[in-house]
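Two complexes come next, and they have one chain in common, chain A, joined by chain B in the first and chain C in the second.
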Partner chain A sequence: MKAHTSVPPEAAAELLRRHRFRPIEALPWIVIALVYFLLPKSLALGTQILIMVMFALSLDLLQGYAGITSLGHAVFFGTGAYAAGILTIHGVGEPLVGLLFSLVLCGALGLLSGAIILRTHGLALLMLTLGILLMGAEFANRAAWLTGGADGLQGMVVGPIMGLIEFDFRSRVAYVYALAVLLVVFVLVRYMVYSPYGRSLFGMQQNINRMSSIGAPVRSRLVVAYGVSAAIAGVAGAVNAQVNAFVGPNVLTLELSAGVLTMLIFGGVGRLYGAFVGAAFYMIMHDYLARVDPTYWYLWLGVLLIAVVMYSKGGILGLADKLLAWGARK
Partner chain B sequence: MSEVVLETRDLNRSFGALVVTDKVNFTLRAGARHALIGPNGAGKTTFVNLLTGKLAPSSGQVLMFGEDITGLSEYQRVKKGMARTFQINALFMDMTVLENVALAVSEHQGTAWKLFKPLGKMDSVIEAAYAQLCMLGIEAYAARAVRELSYGLQRLVEIAIALSLNPRILLLDEPAAGVPASESGIILSALDRLDPSIAIMIIEHDMALVFRFADEITVLERGRVVAHGTPQEISTNEHVRSIYFGERQVAHG
Partner chain C sequence: MDIILGVLFNGLSSAMILYVIAIGMSLTMGMMRFVNLAHGSFAMAGGYGLVFFGEQLGLPFWLSIALSTLLVTLASAVLERLLYRRLYGASELEQVLFSIGLIFVASAVARYLFGPSTQNVTVPDALSAQISLGSFSASSYRSMLIIAGFVLFGSMTLLLEKTSLGAKLRAAVDNRRMAESIGIRSEQLFILTFCLGSALAAFGGALGAEVLPIRPSYAFDQLNYVLIVVAVGGLGTLYGPFVAALILGITDTACKYWLPELGAFFIFAAMVVLLLWRPNGVFSRT
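Let's turn to the complex of A and B:
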């Protein structure tokens, strides 16, 4: 570590240390790698989880760092999915090109819609995010010539990755592909949240008035965050379309928007890894409960959501923190 | 007389039928220690918000260093050298004291758009932030979360954030408000040590503090300037006595 000439290290300890890699951060990646080798039959579910981690991570950037609550984030996931899907129908089957296409498209949509709706805040903003999602959903439903309407997008032909690696039926390639994309996205987001820009986003969540009064152009900061988050959600949607070779209208729903927010709340908001824990927890619960007790899935989801929100504000990771602190005191 | 750094011309602001700033002509000069006083509801904080750009005026102009800045937004005025503190603490409660100031320094040094280098590796930002804490004598609290500090110390963090922007104009909105008597001394000594070249406008209810700090006073009543002058002139002004001080307080003030 480079010594600061005049600042005692203990005074700046948190600032100097926070961004450094901690050994515990390897854990989720080790688990993800182990699943590949130990649970080859669960790779389809595993791939879905990795995609939802990516989607939840994009929402964490908004909710956990910039303090923007959205009920319409599925509009970017859905647009990314349709964009990547439609591209394959028109002869561009290479998946990485599809990712790039969805990234640029959703990033641009995020910047554009963000520039309009981020003039508001609170309840008005929440309703605007929802309104944009509903418009997107209705467009996808009506524009059957483009999207297949209610039947979903038919005839996707996803080519091999870089012309070399074909997707297989056992989801092995899909899993590694989703993992690779997630890793890239995660590294970018992790850099971002500890950067001066990311800390200024957190500053806006803490006190937006003070941020303007120290000279921050708050709206353009938020619009950029919205654009980046939208681009990541779009990439998650694109991966989803490519590995399933299908896009249905369920990617553009309030249910998916609320679902990803629920995942984030389960895992822990504003912690990066909350997205991992929350998405895995939610998807595995869903998979399990939908099999043993399909009628009551929403009942159990509701009970769990109430329990987490009332008794552990930091979600599962917050609870883990508390247990560790309690263990350390004993 | 020294250079005018901040000026308003016929500044008006109304909320519906209620006129809260009424044709205010105000000048602040380089190095000034200017107090803005007036009874509750006189429109003092509204006036500060018009100066900073948090509120837009209904009519009239705000000039900074002779340039019309009426159309500029809050952050653009900050970039030109204006800083403020808030009547009620507006801090980043979950961050450390050092990071509260570091965020402001990062804006001032123009590094706040950087995306891929951690704030903790910005040596010049951290050093400037720490130096600011030392200047106010609160460096011992650098690593503490702001929400753990006493209210008086939080008021100092308010001032530290504003000063770290290296302002030429500083607007202090009741810097000692809510601070218990046991802690008000640290605020006063911090105010005494401010760079004499900074033009300061202070809103304050504590008359002892006003008369100790200010060399020029403007009195606002129902949005209008009703008196302006030296502390001596203001304390003997009949109108000010009747509306604001009450005879008894002036008699020993």
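Let's turn to the complex of A and C:
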């Protein structure tokens, strides 16, 4: 333990302090709880938002902390969804088993594909993530005996949670279920990004060569981040399949990958809560605009994306930070 | 034998359209390191331009293509000045999201102006005929595509290999800083390349309107294929994307014909393997 004594006490205190929850961090959870009581009619949309928060969170780990841009993250969401769905068709109705199955499967797939593709970077890596997604999509589309092909997975029977709690038609159970899974995932991710491991990921994002030369095993750390991110995306997909009791081929598309990236940049990349704000903003805007006219939705989505990239790189939370700083100066 | 010829012929003609669209993307990506996923939107705009001038105003086919290409080129110059310019050197994430945003806007505008359905394009009588060579008969439209592709490839090669502009361009792709320090004005080259790329895309989109159907989702539909050509072909070479487009077009047509149950799976798998083998592109010099 000699090496640790060289850490200055202030730095050690700072490291510890980061792990502590700040009061402001309770805000999103209070909002999520309030929605359950105040907006009982919107719980179906609410559940969908919670699932997307989870998915965006997994991508934040990849993009915001490990600095890997992926166009193919939907492959893990989709695989998780299909895995959980196919399990229920073959008589395993217990949702928690489905979650575990998707977690292990997608985690393993993430580690395996990460180990293969993370040797590249830049355009090649971007194309490889996209290529793997396209392979998965084409496979799901062709293997109709397993996935139902273009019609989607028919006949899912999702059992009660732990044999006790049935999913209801008003999405109340679904909402609480998604919330519980999200909470567990969030605590894990938060712990991870503030740990020394998370710091080293951040260091690699800043300057991978320097991290390598101070002796960090960069490749294996990136692969682990990829695997964890894939596992979480798989869990989000599994929850999505279970609460909707349906999986369609739309879970394995470039559109979904682009959508979740969009959510993340709307909320703010690399700040954990960006996933919450961005997913809620995106989904509510989609719900409202697409009902009016899908053309408007695409137009506004495109305009907003361009505006965020050009003018507000921190997304909504970055903007809030700037406003707060501006207010403090006044 | 006729079937093999037919597959080769159809594959070749699709490959040429892909090449003409992809070459601009390869040039801009090689030079500016800008991941412009919205490049297909310029091709789509070219196609819609043909629909507007040719179908709605009733102008002749070739004149419509020329007008449409010109219009898209001008529009791309404006876009480069206003938007793209500010993102050179930005992170991949920003470039990817920015260009996806552009795709969304372009498809929304297309849907608003022309409706959600696929557009019909009338080609001149001379192009709708069949040419028969013995027992093999070929569509003259597709023959025209193949000839146009080879002509463009030839002229691009001449432009890049034999002119001083081409030499400057290649220098800027290879090493931008070095090129700038010997007095090459890379900013001017950028906008020129960008416009040339979008002009080619618009031309390809209009010319291939019968093979690659013009509809609002065009840019997303073709994105995968164009990206494969660019990534596998490698940046900064001319023949790389050409060969990649040839292989992709012919393999894709052959797979669809002989192994329809595999679909495009083989293409995507091949791309992944090729990129793992040579991440900078199969035909790149590095």
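We adopt the following convention: the second predicted complex is superposed on the first by the 313 of 330 C-alpha atoms of A that agree within 3 Å, B and C clash if a C-alpha of one lies under 4 Å from a C-alpha of the other, contacts with A are read in each partner's own complex, and residues count from 1 in each chain.
Everything that follows uses one rule, which is that a residue touches a chain if its C-beta (ideal position, glycine included) is under 8 Å from a C-beta of that chain, and two chains touch if they have at least 3 such contacts.
Please read these numbers as outputs of a predicted model, since none were measured by experiment.
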| item | value |
| --- | --- |
| Touching partner for A:Q154 - first (chain B), second (chain C), both, neither | neither |
| A:N250 touches, of chain B and chain C: first, second, both or neither? | neither |
| Partner chain in contact with A:N207 - chain B first, chain C second, else both or neither | first |
| Common ground on chain A, meaning residues reached by chain C in one complex and by chain B in the other | none |
| Complex interface listing, chain B residues touching chain A | 52, 54, 73-75, 78-79, 83-84, 86, 90-96, 98-99, 102-104, 106-108, 111-123, 125-127, 130-131, 139, 142-143, 161, 165 |
| Complex contact set, residues of chain A against chain C | 63, 69, 71, 116-117, 119-128, 130-132, 134-135, 138-139, 141-142, 254-255, 258, 261-262, 265, 269, 295-296, 298-299, 301-306, 308-310, 313 |
| Chain B-facing residues of chain A, complex | 2, 4-7, 10-19, 191-192, 194-200, 202-203, 206-207, 209-218 |
| Chain C residues within the chain A interface of the complex | 29, 35, 83, 86-87, 90-94, 96-98, 100-109, 111-112, 220, 223-224, 227-228, 231, 235, 261-265, 268-269, 271-272, 275-276, 279-280 |
